[in-house]
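Going in written order, the chains are labelled A, B, C and D, and every chain counts its residues from 1.
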Amino acid sequence: QDAFLEFLLRLGDTTLILGHRVSEWCGHSPALEEDIALANVALDLIGQTQMWLGLAAEVEGKGRTADDLAYLRDAWDFRNLLLVERPNGDFGHTLMRQFLFDAWHFELLNALAASTDARVGEIAAKALKEVAYHLERSSDLVIRLGDGTEESNRRMREALEALWAYTGEMFTADEKDRAVAEAGIAPDPESLRAAWEATVRDVLEQATLAVPASTFAHKGGKRGVHTEHLGYILAEMQFLQRAYPGSSW
Amino acid sequence: QDAFLEFLLRLGDTTLILGHRVSEWCGHSPALEEDIALANVALDLIGQTQMWLGLAAEVEGKGRTADDLAYLRDAWDFRNLLLVERPNGDFGHTLMRQFLFDAWHFELLNALAASTDARVGEIAAKALKEVAYHLERSSDLVIRLGDGTEESNRRMREALEALWAYTGEMFTADEKDRAVAEAGIAPDPESLRAAWEATVRDVLEQATLAVPASTFAHKGGKRGVHTEHLGYILAEMQFLQRAYPGSSW
Amino acid sequence: MSPEERAFQERIDRGEKIEPKEWMPEGYRKTLIRQIGQHAHSEIVGQLPEGNWITRAPTLERKAILLAKVQDEAGHGLYLYCAAETLGVSRDELMELLHRGKMKYSSIFNYPTLTWADMGAVGWLVDGAAIMNQVPLQRTSFGPYSRAMIRICKEESFHQRQGYAVMMKMCAGTPQQKAMAQDALNRLWYPSLMMFGPSDKDSVHSAQSMAWKIKMNTNDELRQKFVDQTVPQAEYLGLTIPDPELKWNEEKGGYDFSEPDWSEFFDVIAGNGPCNKDRLGARVKAWDDGAWFREGLVAHAEKAAARKAPLAAE
Amino acid sequence: MSPEERAFQERIDRGEKIEPKEWMPEGYRKTLIRQIGQHAHSEIVGQLPEGNWITRAPTLERKAILLAKVQDEAGHGLYLYCAAETLGVSRDELMELLHRGKMKYSSIFNYPTLTWADMGAVGWLVDGAAIMNQVPLQRTSFGPYSRAMIRICKEESFHQRQGYAVMMKMCAGTPQQKAMAQDALNRLWYPSLMMFGPSDKDSVHSAQSMAWKIKMNTNDELRQKFVDQTVPQAEYLGLTIPDPELKWNEEKGGYDFSEPDWSEFFDVIAGNGPCNKDRLGARVKAWDDGAWFREGLVAHAEKAAARKAPLAAE
């Protein structure tokens, strides 16, 4: 129960924060097609957040809503991966973060579609269609920019190097992960690594980018120990709910 | 009474928001001496804010404190000049904003030191000493950078051009300004213009920068119509007070 | 009028659509490029004032709706640039004209969005005024433009309803929320009236554009229609239009109302609106910062083409 | 040992201060440059974790106190760079070594400040540990360093009291505030213990540095002293030190406690702390972005000098 709630928060907070980051690009991206595509990705992620946090609120059973969870918890209560709270950086950095995430997100949802919990399976199946497209798109752009100009290659390489240490957290399990895995609700995080690595290797190779050798992994997001960036995200995101408590919007 | 409160909010909000902007540089400025000097300016401005908003709270007489005024009002209640909420930009932009402000602030405090309200006079006299130093420092740097390299000259010129339209608001009076002026509490804003212009002309000339010809002035801050930037400042500044209402820090 | 021009005008008068490859007067082409281009620019600059509240939307649902709306605006921009391209001007050329200040976008987007209520008021008033302008343009004489307008109008009226729904929520909410709604109306009322442009009496191009069916109604007609439609909506919300002169005129069957301050309008057009520099600056920055991205994609496409045709390349 | 070296060591043994222009062994100079430089770098990088909360300080008074503290840190950096400069290395050279990753700063600053309680815990624990290191250094053999330490220690102990005052306020506050305080202690306890460095058993340079009175106590001595001082302070706050092994040892007259995870320490030193890249990146960016500023000032100074001496310049 407790582990199930934790699992749902980890997922819902992750899609929420990544959706926030992606939405920061609205109207500021390098091409009109990208404005449209990014808004679409953000929209999908926010939609998934509504489902995951909605289920979390239901599982918690304290009468809270998805909005309460999104807007009325402070940073230390958030359970998102550190990767998704990293600043956007340049557009290549944003794309690389998206690709590294999508490749994992796709495998995760694929496994979740077979969850022993029917609600989880349903949400996952719905999200999987969206995320398959996200992955297709981010893979394609990583390849084209990696194998583009010298500058675009350099930017993608720098992004990869900067973000690599934030990918390990996706695959590290704690006792809560193991509990939901044992219950058949979710896969063991470690079990997703091989498929993720295969996707990443394949795409990076086409992008003429070397897979970084380092295996060091930043951790903490899943237990509420974040980077300094999350506090600023939440201050902005939660302002109206905090400043006008109890209002209906 | 009402006009007096408004006057105090305009002043206190202005020092608060400029103090906030200046403090954003802490640890990020181009030289250690500047880190120290900027922290010092921000500190002075926050100290002045405590006095102005403290007096405002007293004059309002509703049991609110300076902190309540700073942390629990939304953007449309804020009365600061638009100039001080402009983003920092590069360091030259920040310095130019400071100089244009200091030159006005100095004249204002000078006049306020002779206010018919003793409390205002006292605060002004105390702040004047600090601001005389701020003005000395910002004038000096504007001169040195204007008359420095081609690049430093260009940056200072661009900053001047970008900020110029935000200076007019310092000198435009509404009925509330006129009411406190008639009561001898504060000078008529327009009366400060000549001395300000003299300072600005003198410094810009030494800085080999041309005084912009445009007389267009952005307005609105003094009646609560701000730029889009203020909302973000407040979301960040007020987070703790909003998220943990009623706590004592 | 030359025989060609006469035949052209007769086609328009019969209500035929002009298609890109058909003959058209240079003036028709130029006027259309300017008008469609400005409209396209308005859509993409128009992402910014609403984009300003996406990260601060007060609920997940509102955030999703706002994201979808801003996405639609970018999509409208795309349709319109495509329509303009059929007239022989590329999107990049048009963007460059925008960035160099040689082409305009709707001056309404030079006003800031200062509270969440602006997300309601923009949908209600700004999209409302836009629709008022655009609905007749579905019948415009240039085929691609007309077809773009048909798609756009459908989505815009959806946006307007969403905006009005936000206003309803705010007006039925706490006193603070209602005050926020009133404040948004106060700030956006006159800028919305300005969206129809100055009185036709002062407009030189109008007659020709109307003959060409590029412009379908006079500015004053549309403005009147907008006021007549909007006043009862405001009443339903319990909000007060910020115009003491506003009153029903039985005789003309419409409201009398105050003209906006046209000196402000010309100030904003001249670059002195509250946000002109921030808006254009944001677009130019997006474009400049993204140059490497666009160049990277082009370079990749060239490499891929060369790999596909290795013999032809030698 | 050469006669010079012997005389030098005797002066130190007698408690004399070595001044910059006096003879000193190269090793002494190098060790001091490294130590003072690292300390200076720690002060300026140390602005960042606390600077992170200035714009979010919960009251005007707390904001002012925090600003003053961060300002003091920059000031300490200045004293220390000046002390290092007396040894023949410029501030710019030292900064460049920092920026290229050739010199370190205290690894504690690679941990993030995540809640307001960290502003208390940093003052209490981090400044507390720093003072523990620095107080004996007031008696160090190198004159300028000793004098800088005397000034710095005075201000640091003030900072520590302010940090503890924040913790008291939090612990006397709402349950959420107290939880925040406990969370800060949980995160910062072991990193603070690491500030004294690994056990002296593993340190090669220690013996020579102690003979030269550049290092006055062993790392383990200072760490023990810090624990013994801090545990009762935590008890007074009603907080729990996150160490189940912690207990009073009557025999040694101090606490037994768990060692920090030294593999984490070496990870952080190697660049893999939570914030290494952000911290160093922020400093490098500040420096690079400010190049035009520093160059502008130099250019102006040269012009001014040329104007003052027009004849000499010809």
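Just so it is clear, a residue touches a chain if its C-beta (ideal position, glycine included) is under 8 Å from a C-beta of that chain, and two chains touch if they have at least 3 such contacts.
As the structure is a computational prediction, the values presented were derived from the model and not from experiment.
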Between chain B and chain D, the fewest touch steps amount to 1
Via touching chains, chain C connects to chain D in a minimum step count of 2
Of A-D and A-C, the pair with more C-beta contacts is A-C
Taking each chain's mean CA coordinate, chain A and chain B are separated, in whole Å, by 41
Cα centre of chain B to Cα centre of chain C, whole Å, reads 37
Touching at least 2 other chains, the residues of chain C are 56
Two or more other chains are touched by the chain B residues 74, 231, 235-236, 239
Chain pairs satisfying touch are A-B, A-C, A-D, B-C, B-D
Residue set of chain D touching chain B in the complex reads 44, 47-48, 51, 54-64, 67-68, 70-71, 74-75, 77-78, 81, 91, 116, 166, 169-170, 173-174, 176-177, 282-283, 285-287, 289-301, 303
Listed in rising order, chain A residues that touch chain B in their complex are 74, 231-232, 234-236, 238-239, 242-243, 245
In their shared complex, chain A is touched by residues of chain D numbered 52, 56, 112-115, 180, 183, 187, 267, 272, 274-275, 277-278
Touching chain D in the complex, chain A uses residues 74-76, 162, 165, 216, 218, 220, 225-228, 231, 235
Seen from chain A, its contact residues with chain C in the complex are 16, 19-20, 23-24, 26-36, 39-40, 42-43, 46-47, 49-50, 53, 66-67, 70-71, 90-92, 143-145, 147-149, 151-153, 155, 236-237, 239-241, 244, 246-249
